[in-house]
Each structure stands twice: as structure tokens, then as C-alpha cells.
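To start, the structure itself, in C-alpha cells.
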Amino acid sequence: MILVNWLNKIASPQRFYLFCGKWTPWLSLLFFILLSLGLYGGLVTAPADYQQGDAFRIIYVHVPAAWMSLFIYIVMATNAVVAIIWRIKVAEVSIICCAHIGAYFTFLALVTGSLWGKPMWGTWWTWDARLTSELVLLFLYLGIIALYNAYEDKRSASRAIAILTLVGVINIPIIHYSVVWWNTLHQGATVSKFDKPSIDTRMLIPLLEMGVAFSVYFFISLFQRARNEILQREFNSQWVKELVKEKSNA
Amino acid sequence: MPELSFFILLQREFTIASRCTQQFLLPVFFFCLVVLLFPLGLSPSPELIQTIAPGIIWVATLLAVLFSLDNLFLEDFEDGFIELLIFSPCSLPVLLAGKVSGLWLIIIAPLLAISALLSVFLGLPVESLSTLMISLLLGTPILMFVGAIAAALTTGTQQNSMLSTLLILPLYIPVLIFASSAVQNAATGLSASPQLYMLSALLVLTLTLAPVAISSALKIGLSQ
Amino acid sequence: MTLCVENLNCWRGKQALFEKLSFTLEPKKLLLVEGSNGCGKTTLLKIIAGLRQPNGGGVRWKQKQLNEVFDDYKTQLKWLGHNNALNRNLSVRENLSVVLKLSSSRDADIETAIQKFGLSSQQHTLVKQLSAGMKRRLAIARLIIGRSSVWILDEPQTSLDKAGIKLFESMTTDFLDQGGMVVMASHQPLSIQNEYIQRLSLSR
């Protein structure tokens, strides 16, 4: 109930537009602080890995990107539920914005993973469970974007991708476990670099900082995209007209 | 009589199919040809073909299902039949579930018979044949219903087949993995039941949720 | 039992089709929606039928918002779109019997519809072998299968011959006499008594 009230409160596109505008500078500041902390910690202070040497430092991009690829899908699915049940415009707008950002992060995770894999495993790609399900996730994102673009009417498009997102959200754990299972059935488990029992705190803290920095970046990017999209969709409403007049006078 | 509404479109599909048999036999031909491509494309060595036989059968089935799902709702959508369904007092998901089930019976059921024959030709051991058939029986309805969601989502747009293929294929991965590993287990003498249970669970999930998704997708397509 | 449209706004892309459109339709009235091509007649009909959400305003049926009472509304409604909703591989009779199964009323029959529209001799013909005019007749025949109180018709007279149009008009008059409401988009002259007709012209 609290959630619904809160949603209704910031649900109007105008409020959300202003809200995003107000928070973006602060979030950007936070992002740069966290990013510099994380990068300094990760690239300078953290000791080199005893097996991998300095090559492991790509972890500070790769792992947060992989986290984000899933986190964004969760955010997107939450928006899809809200869009389908309450038909809240802001949620409808957010789905497609999330899909674009999510696709970029997934792509980043795959590329950095591949770059990391070459020196470590000696191959750019292996049919490992994580890699495969990440690749499928990328295709899901791309499918969502393609479906959105196929519709003329953007509100219908948003509702269509909301359905697809939810079908996908049921499938993601299934895909993930099926791939894990398929993998373990066919070949010995690939050594997973993430399952080390413990990681040096000097390595871990920058990683977490980078994780938070990436999520802050996600929200900044989401806000900017959502603002843009809201302006386009609400072009005909009074407040947008006033805003345009105000900006063109200034 | 709402309890019969499932059968309205199912029966209609059968009548339509009886009028244009060729259209409904094409997926079967397609299936046979795809299976034929594998020995030609890889190598005709019996050992290799035998090991990958379940994979071949499953990939070919999957492609045949994709092929038959193409434009699943397009005709009904363009001639305005979907509107009639929406205004009917019968439940839309139930009606549509009837339609998809009808298509499964018409297109996929013959395909299952052919696939039994073809898998013998591919040298699949007889012990794993029954597992293959069970996995097909459990898996193909999932493929049909999940594919129907994507087909319904793309119906309202002007660009059809390639887009729905892009949407469908990632969602087919679990079925493909569970089913072909079930058959491979059976071939090596292991128990295939975990995968088959998993497929049954997926089937139940799909049969309950997919019709609702299909009907809302079609409504969205109509609303523009 | 009224159909009430309030402050309806609708855009196609960035173009307003209509804004602040309001009217009320009472029983025994036919709303004739007129306007040039592309002015949004079909879109308006879709909104009134509840198939499409307007960009602003709403439609009320029996004083309630359409999406709240849609389950009741749809049983009262007969829709005839641009296209005939006939499957080309089914016969005349089979097409109508699907409609009968899908309709709410159990007491309805398709015999009267077939006879009234002069389709008896062709009842076992496949729809793909019918002429465009006969297909339209068949689609219109669907309106009198089962009970209804609102008809929403998009260009019903398309490809009908004179006899067909006459038949359609007399059928519509009967329906209005029994207290029905009709919303209809049309370009063609309509010879139904003026007391029934309420006009709405959409213009950009």
C-alpha cells in the first residue's frame, strides 16, 4: 500500500521529470567520487593476483558490468509489473530505457569477459554456463529493443515489451540453471574465478565501490533517457509546452 | 457454454486444416529436410551421427515449430476475427489456448511420428527412443505456447517472421537443453527422469501462464 | 442505458485526430460518424468499442467507465470492422456457426440470418469463392445472431449492392425500433428516418 501511494506520488510524468532533473547533478557527483575511489583502489592499491598478475584488474569493470546486466533486468521487470498492473506512464517509459542500458552493460560484460578469458583460459570464448546465459541475456535485451522499435505507437510498444520482459524474467533463472546443468553434465566444471573462498579486502573494497558506482551511473543514465522519452511522449501536454517556452526564452 | 469454449477454435482449426492439407504438411517436409542436412553437412560417420542424433532431432523439431508458428495469428488478426474473440463472452485465453492446442495436434503430432522413424535412421539406440518421444511430447507444447506469445507480440507490428524468431529462440534454450540431455542420459544408460520432471514442470508453467500472455499481447496489437 | 463519450482526445503519432470530443448516445439513436479519409473514424470506433485507450477523456457505459464494465458491455456489443472476419477456408454456414458458438445467447439461430440475407443457396460454399458483396452480406448477417444492444459498424455498406444496402437499412431500422443503439462510420448516403440519426463530423 505504501508502495502504491509512493508510486502515485511520483508517478506523474511531470513530477518524475523534475525529480530526475534535480537528482542528476548529485548522482553525477557521487558517481565520480565512487569511480575515482574504485579505480584508484583497484588499479593502484590492490595487490596483484598471485596467479593472474595484473591481468585480474579487469575484474573492476567486468564484474560490476555483469552485476548490472542482471540488476537492470530486475529493475526492468519491476517496471514491467507496475506498467501492466497500474499502467503508470513513468514505468512504461522506464522499461525501454532500462533495456537499452542493460544491453550495453551486458555487451560490456561479455567483451571484458572475453578479453580476460584470452590470457587466463587461452580462449576468447568457452561454452561455460555463465557465458552462455549472459549471451542469452544479451539476446533477450536485443529482442526487447527490436520489439519496441517495431511498434508505431509507443504506449502499445511499452506494454508489449512489458509482457516480453515478464516472460523473460520467468525464463532467466530457468535458462541460467538449465545452462549450468547442461554444462556440468557434459564437461568438468570450468574453474570459476569468482568462487574463490576469500578475496583480499584490498581487492574487494574497490570492487564494491565500482559496483555502487556502476549502479549510480545506471540511474543517471536511466534518468536522462527517461526525461528525454517523457518529453517526447508528453509533447502535447501543458507543462511540456510551458517548459519549451521557458527554455526558448532563456 | 463456457466449459466448451476451449474446443471452439480447436475444432475450427481442424476444419480449416482439412481444407488446405498441404499448408499443414509443409512443416513435416521441412523437418525431414533439416534432419537430412546434418549428415550431409557434418559427416556421414555412423558414430558421430548416433551421438548427436537427439540434438539433431530436437533442433529440427524446434525449427519446424518456428516455421509453423510463422504468422500464427496474422490471418485472424488482419481479417478482424480476433475482435470477435475479444467481444465474445468466452474467456479469451481459453479460446486461444484451444487454437494453439489445435495447431499442435495438427502440425506437431504427425511430426512426432516422423521423428521416431528418422531417429531410427540416425542410429539412435532403441532404449533411448522412448525417452526421446516422451521429451518431444512434453517439450513441443512448450515450444508452441511460448512461440505463440512471441507470434502474438509481433502480430500487431508490420514486420513479422524474423523479429518473432529473434524473440522466440532465447526462450527455447531450456527446453532444448533439458530434452536433449534427457535423451543423451538415456543413451548412456543413466536415468533421464530429472530432466523429464523439469520439462513437465515447465510444461505446466507454460500451459497456465502463456494463454494469458498471448491474449494480452493480441489486445495490445489491436489497440493501435 | 446510455453510451457517453466525454472529452475524448486522441493522437496518432504527434498529430491530434480529435480533441475534447463529447457526445451522448441514447437508445433508438444512430450515431453517424462522418469525415474525410484519415480523420480518425475507425480510431474513434475502436475507442468506443474499448479496443483502444484514448489519450485523454473516457467512455462511459451505463454511467460507468468502460474498462470497469467491459465484461458486461462486450456481451451487449456487436462489432463489424473494415474487414469481414470470415475465414476463407470455411463455408458460409461454418463461419456463422463459429460466431454462434462464440455468442452469449443460446437461443439464437443462424437459419434466419442465412435466409434473410439470401445466402441459403450458397450456405455450403467456401467463403473464398464468394464475391466481395456476398462476403459483406455474410458479415452483416452476423449482427443478428444473438442479442445485442449496441452495434459498432465501420463502413458497413462497402461493396453491397442496392438490394443489400436496402436490407441493411431495414435491418438497422428494426434494431433501432427495438431500442438498439448504432455507432456507424460511413461515407455513403443513408436512407434511415432522420429522427433516428445523430450526426458527428470529424474534421481536422
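Think of it as A, B and C in the order they're written, each chain with its own count starting at 1.
The rule is simple: a contact is a pair of C-beta atoms (placed from the backbone, for glycine too) under 8 Å apart; a residue touches a chain by one contact, two chains touch by 3 or more.
Note that this is a predicted model, so its numbers are computed, not measured.
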item: With subunit C removed from consideration, the chain sets that still hold together; value: one piece
item: Longest centre-to-centre distance from subunit C, chain (CA-based); value: A
item: Central chain of the complex, centres being mean CA coordinates; value: B
item: For subunit A paired with subunit C, centre-to-centre distance based on mean C-alpha positions, whole Å; value: 47
item: Subunit B-subunit C separation of Cα centroids, rounded to whole Å; value: 36
item: Mean-CA-position distance for subunit B and subunit A (Å); value: 32
item: Two or more partner chains touched - positions in subunit A; value: 152
item: Shared interface positions of subunit C, touching two or more other chains; value: 53
item: Sites on subunit B at which at least two other chains make contact; value: 223-224
item: Subunit A-facing residues of subunit B, complex; value: 146, 149-150, 153-154, 156-159, 163, 166-167, 169-171, 173-174, 177-178, 181, 184-185, 198, 202, 205, 209, 213, 216-217, 220-221, 223-224
item: Residue ranges of subunit A touching subunit C (in the complex, touch as defined); value: 152, 155, 235-236
item: List of subunit A residues in touch with subunit B within their complex; value: 84, 136, 139-140, 142-143, 146-147, 150-153, 156, 159-160, 163-164, 166-168, 170-171, 174-175, 178-179, 181-182, 185-186
item: Of all residues in subunit B, those that touch subunit C in their complex; value: 1, 4-5, 8, 12, 15-16, 19-20, 75-76, 78-81, 83-90, 95, 219, 222-224
item: Subunit C residues touching subunit A - in the complex, by the definition given at the top; value: 11, 13-14, 16, 53, 55
